[in-house]
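Should a chain be cited, it is by its letter among A, B, C and D, assigned in written order, with residues numbered from 1 in that chain.
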Amino acid sequence: MREITYAQAVREAMSEEMRRNPNIVFFGEDIGVYGGGFGVSLGMLDEFGEDRIIDTPISELAITGCAAGAAMTGLRPIVEIMFSDFITLAMEPLVNQAAKNRFQFGGQASVPMVLRTPGGSGTGGAEQHSQSLEAWVCHVPGLKVVIPSTAYDAKGLLKAAIRDNNPVVFIEQKLLYCTKGVVPEVGDEYLIPLGKADVKRIGKDITIITYGRMVPRCLKVAGQFSKQGIDIEVVDVRTLVPLDKTCLIESAKKTGKVLVVHEACQTGGYGGEIASTVVDSEAFPYLTAPVKRLCGMDVPIPYNRYLEAQIVPTEDKIAEAVMQLQNY
Amino acid sequence: MNMILSKTIHKELYYKMILCRKFEENAAKMFNLGKIHGTTHLCIGEEATGIGVCSVLAKEDYILQTHRGHNQSIGKNMSIKRMMAEFLGKATGYCKGMGGSMHIADFSVGSLGANGIVGGGIPIATGAAFTQRYTKSDSITVCFFGDGATNEGAFHESLNLASVWKLPVLFVCTNNLYGMSTHISKSMNISDISLRATSYGIKGISLDGNDVLSIYRETVKAKEYVLKNGPMLMVLNTYRWTGHSKSDTQEYRTKKEVDEWKEKCPIKRHGEYLLSHMLFSKEDLELMHIQAEQEIRDAVTFAEDSPEPCIENILDDVYAE
Amino acid sequence: MREITYAQAVREAMSEEMRRNPNIVFFGEDIGVYGGGFGVSLGMLDEFGEDRIIDTPISELAITGCAAGAAMTGLRPIVEIMFSDFITLAMEPLVNQAAKNRFQFGGQASVPMVLRTPGGSGTGGAEQHSQSLEAWVCHVPGLKVVIPSTAYDAKGLLKAAIRDNNPVVFIEQKLLYCTKGVVPEVGDEYLIPLGKADVKRIGKDITIITYGRMVPRCLKVAGQFSKQGIDIEVVDVRTLVPLDKTCLIESAKKTGKVLVVHEACQTGGYGGEIASTVVDSEAFPYLTAPVKRLCGMDVPIPYNRYLEAQIVPTEDKIAEAVMQLQNY
Amino acid sequence: MNMILSKTIHKELYYKMILCRKFEENAAKMFNLGKIHGTTHLCIGEEATGIGVCSVLAKEDYILQTHRGHNQSIGKNMSIKRMMAEFLGKATGYCKGMGGSMHIADFSVGSLGANGIVGGGIPIATGAAFTQRYTKSDSITVCFFGDGATNEGAFHESLNLASVWKLPVLFVCTNNLYGMSTHISKSMNISDISLRATSYGIKGISLDGNDVLSIYRETVKAKEYVLKNGPMLMVLNTYRWTGHSKSDTQEYRTKKEVDEWKEKCPIKRHGEYLLSHMLFSKEDLELMHIQAEQEIRDAVTFAEDSPEPCIENILDDVYAE
């Protein structure tokens, strides 16, 4: 086994799939020579050429719609939106066209495309370059939504997303791009099916359900608590839609105490979906405390680095929430 | 030096136009009887546009349709049975009753669908044309939209994209002078929409949208042009006789204006051409009308006899396998 | 007291405020002679003239941004988006600009604008004209979100929204436009403060928390159950952001059984927020059953009228959910 | 028949340009020292644009700035102390440390803010100009954006809106030939961006963006023009010397190209003009440099000595009362 970064994992997934299937094309702003806003596609232009690695004008709406149109006519496009904040410009083609075209045309269309975009704060990008908007796309029937937390997951899930026959929104985590993780050797292909959560740490006292960049943070906190004899299970949702309800519910039944953690601001966040799903399930009678949410504060992401760090769930806040559950 | 059109084509154009007219008149009736749900947008008066353009196209050429697109559907040889069934929301309709009038699509003849979003099809068209170029096909994509749609960002971004990438797409703007109640003089500061081609360094032309022959001929040339040179903007200037949709009381325009345009009826005009050039006799045309009416009666019967879709299947097409 | 329709109530609110404050202007597609997509503004052009009732080109992004710019410079614009589905085109100016400008400019700006738009299915508008997208805007700090269910509330809340110094998304309900309700006489001004839920029916056995067009439906079901001796409290959230948590929690403490009902599709809907809020509150120990959600199915809205009616909470489904809670 | 500019204005233009240059060079340094968080976009080489335009404007005239907008800020007489404090995320910064470089705003001098969204300010500008016309003020709004931004739908919709409503807004496109790594030849099929005015039936002009005097003079005329006639598009053709942002390795262009543009330095050019026209002596200019450097040192001290904002106040500005 070897270690690569999360960004490399994304690149490998795209490259392997593009080698395998000539119908995959990749659209995005400055994804060619520049390698994309975060260097994720560096080098791909050299391998695949300008016909397949396609720099676009700054036109998020058109390139997303273009990907949908290409997908409906036989290609399998990947489109990169440089920051997830810019999906605000692409919601029309994503939501009204890509997500609905199969259904509204009575099954005539399929729209196999992947919209990749980095989300999250922590880079000093401030209000318009730091949002976590996954809840929006989770609320659109016809879309699938993935947020990986490790290099291993990023690669396996992206490959599965590219092969999926539906529009998949694949949200990467800026702050994880440089983190390293173990993945199989280059020749050893693997895919991770969409719709399966992953228990990243087995525990019996409390369940933390989380995803994305909060996963390593929760794991760290869990590690600290284990020394105090509190055994935390950490479930990484990975695929937000379709949601692996069984996995979440089983864990909740086991521990009886559930904490949901995400970076996105709390009000209207996907944590509400997760928490409500657990509550209104066969796990309810097992719950020995209210299902708690610990999420980003309901504020735009500030520029100042200290404030920026404090308005999302910190290790301290996670530990505090765990203690509240423990002591409930 | 007009290109000579065969009698078959003349007939096709005329027949499709009357079929479209009668189809819509019928739809309006069924609508008023409460048989059609929701809303519907008639293109009466604009038949020459979609029919003139689409009659040039091959099956492999794609079209992106508008909410006012029955002429485009019929031009592209879609089945009026399945169209009518879709209006009635039946399982045999083009969209299994899920889409209705605003989402008519027939992938088997190259229609990638009508759109309920003004300008919504324009970016999709660039993608379809991208596929055509990527796969080195010699087909093109035709993208329909209205005058109002040219004020949407989607129009701008898509024409720019298509131009930079030299995609084989013909952008067809049906300028009927209004977007709902809004006259183009209130929504843009130019009167010739083809000027908008300038921004993208592409060719733009403006045609009489009630002259089906000129539309047909220019489309033949345009198809060749876009295959070789990339996108082009073709503006067809015409008029919608009826209200924007069922509920429109048309306070925003005068009866006189409407009547003047009715004089320019594209069907009457083509009919007179056929007679004066002695391509067809009055009786020939009369027969076509009878045939069209029969086709519509058959379509209505088919639609009315068709089953409703079942709630049990509702999840089938939300996701593909 | 007199009866007027919900649509008239909206019109009266706008007209009264426009008479009162010359800085209110109203932008929208076909809102002048045409009276807007649903005739809500019929007649306003005659009273206020073209300088204040302003027909726009079909440019949802620009008109929303224009309203934000006008709001930042001293006016109080109302902008109508003809169908809420078209906010997909206006998310950028709404979310990145209007909602954040105060915060990201350190308090220098205020953005007093109201974005009015009709939501919901039931009119045969199909997939792209029927969505209930309130959850998206509820997830954006800086925005307030209102959905009235009666003529009385529509008028009082819209007047308050227009006077509010923040961007307010005011979602009307197509299917309620023609419903009538009692409102005070023309001279009797009233405002309903944003952020207050309304107990539309007092009960003690089960709480239904709902909003918008589901309110009359839930009230009807509640009426039927009262004959069977089941006494249902119906809470109309009215203002989704800020959410009147106290009201919801108090009701939950009283009844111990909570059903959340909305038309929007379930996954990622605002029902998750409401349910989670109730669960993770002091109401938890009082809960005698899981907080249940009954929402729209996770499908695009189909055209066929029978299916369209069945994929949202029907009276039957609401009654069934009530029974499940009752028998839990 | 050039309009004659006073010595004061000549000095102002020169001083602001060197202040901007030094300010950015300093910011880059502080950035490399890790004192500035996030990213920053330098406009070195483009100083003449924002400074030439904004120096014409009154306080009551609004500007909408870009992410590459330090020249616009300085042109509009913003305080470099508070700019620097904002870069460092301090409570004394223009945005109390909440916005950073991409959100610099100073409502007190008419800057309605920089924008992190390409083209994000363009619709806002129409609204600001709407207010100006509605309140019958005789001020205008100037909206800055880059060449890349003209490919966004926001550009199209907003210019159209402004044109239909004849709003007093001057649209200023700083064409530096690139949007990040993408040369305009890859993002549009025209080379003179002012052609895009055609779509809206408005006036468009293209200027040498490194000639601060011509920019100043044309802006004087343009202000008058837009007050009377409604919007106009002014394209300033220039070049960015540095990378797009901190992390840019500039693989997409040659050093030769950059060097050629450095020859056309707007500051050097204006300096030579001042000397050759004997408006100022070498010593005068030298003094200005010294003064600018002092101003920047003061700004840095101010910024570094300022307090960080407190988490306790984080909710204060999410909503207005």
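Simple rule for what comes next: a residue touches a chain if its C-beta (ideal position, glycine included) is under 8 Å from a C-beta of that chain, and two chains touch if they have at least 3 such contacts.
These numbers come from a predicted model, not from an experiment.
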- Task: Figure out the least number of contact steps between chain B and chain D, where 1 means they touch directly.
- Result: 1
- Item | For chain A paired with chain B, centre-to-centre distance based on mean C-alpha positions, whole Å | 41
- Message: Suppose each chain is reduced to the average of its Cα coordinates; what separation in Å results between chain A and chain D?
- Response: 36
- Message: What's the distance between the Cα centroids of chain A and chain C, rounded to whole Å?
- Response: 30
- Among the residues of chain B, pick out those that touch two or more other chains and give their numbers. 95, 97-99, 103, 115-117, 120, 151-154, 157, 160, 164, 186-188, 318
- Quick one: which residues in chain C touch 2 or more of the other chains? 56-57, 59, 61-62, 85-86, 89, 92, 96, 103-104, 126-128, 141-142, 298-300, 302-303
- Task: Make each chain a node and each touching pair an edge, then name the shape: line, ring, star, complete, other.
- Result: complete
- Message: List the residues on chain A that touch chain D in their complex, please.
- Response: 29-30, 32-34, 39, 55-62, 85-86, 89, 123-129, 297-300, 302-308, 310-311
- chain A-facing residues of chain C, complex: 61, 85-86, 88-89, 91-92, 94-96, 99-100, 103-104, 126-128, 133, 135-136, 138-142, 241, 243, 264-265, 267-277, 279-281, 284, 289-293, 298-300, 302-303
- Query: Which residues of chain B touch chain A in the complex?
  - Reply: 62, 93-99, 103, 105-107, 112-113, 115-117, 120, 122-132, 134-135, 153-154, 157-158, 160-161, 164-165, 316-321
- In the complex, chain B touches chain D at residues 151-157, 160, 163-164, 186-190, 195-196, 198-202
- Message: Touching residues of chain A toward chain B in the complex: what are they?
- Response: 25, 51, 54, 56-57, 59, 61-75, 77, 92-93, 96-97, 101-112, 141-142, 144, 165-166
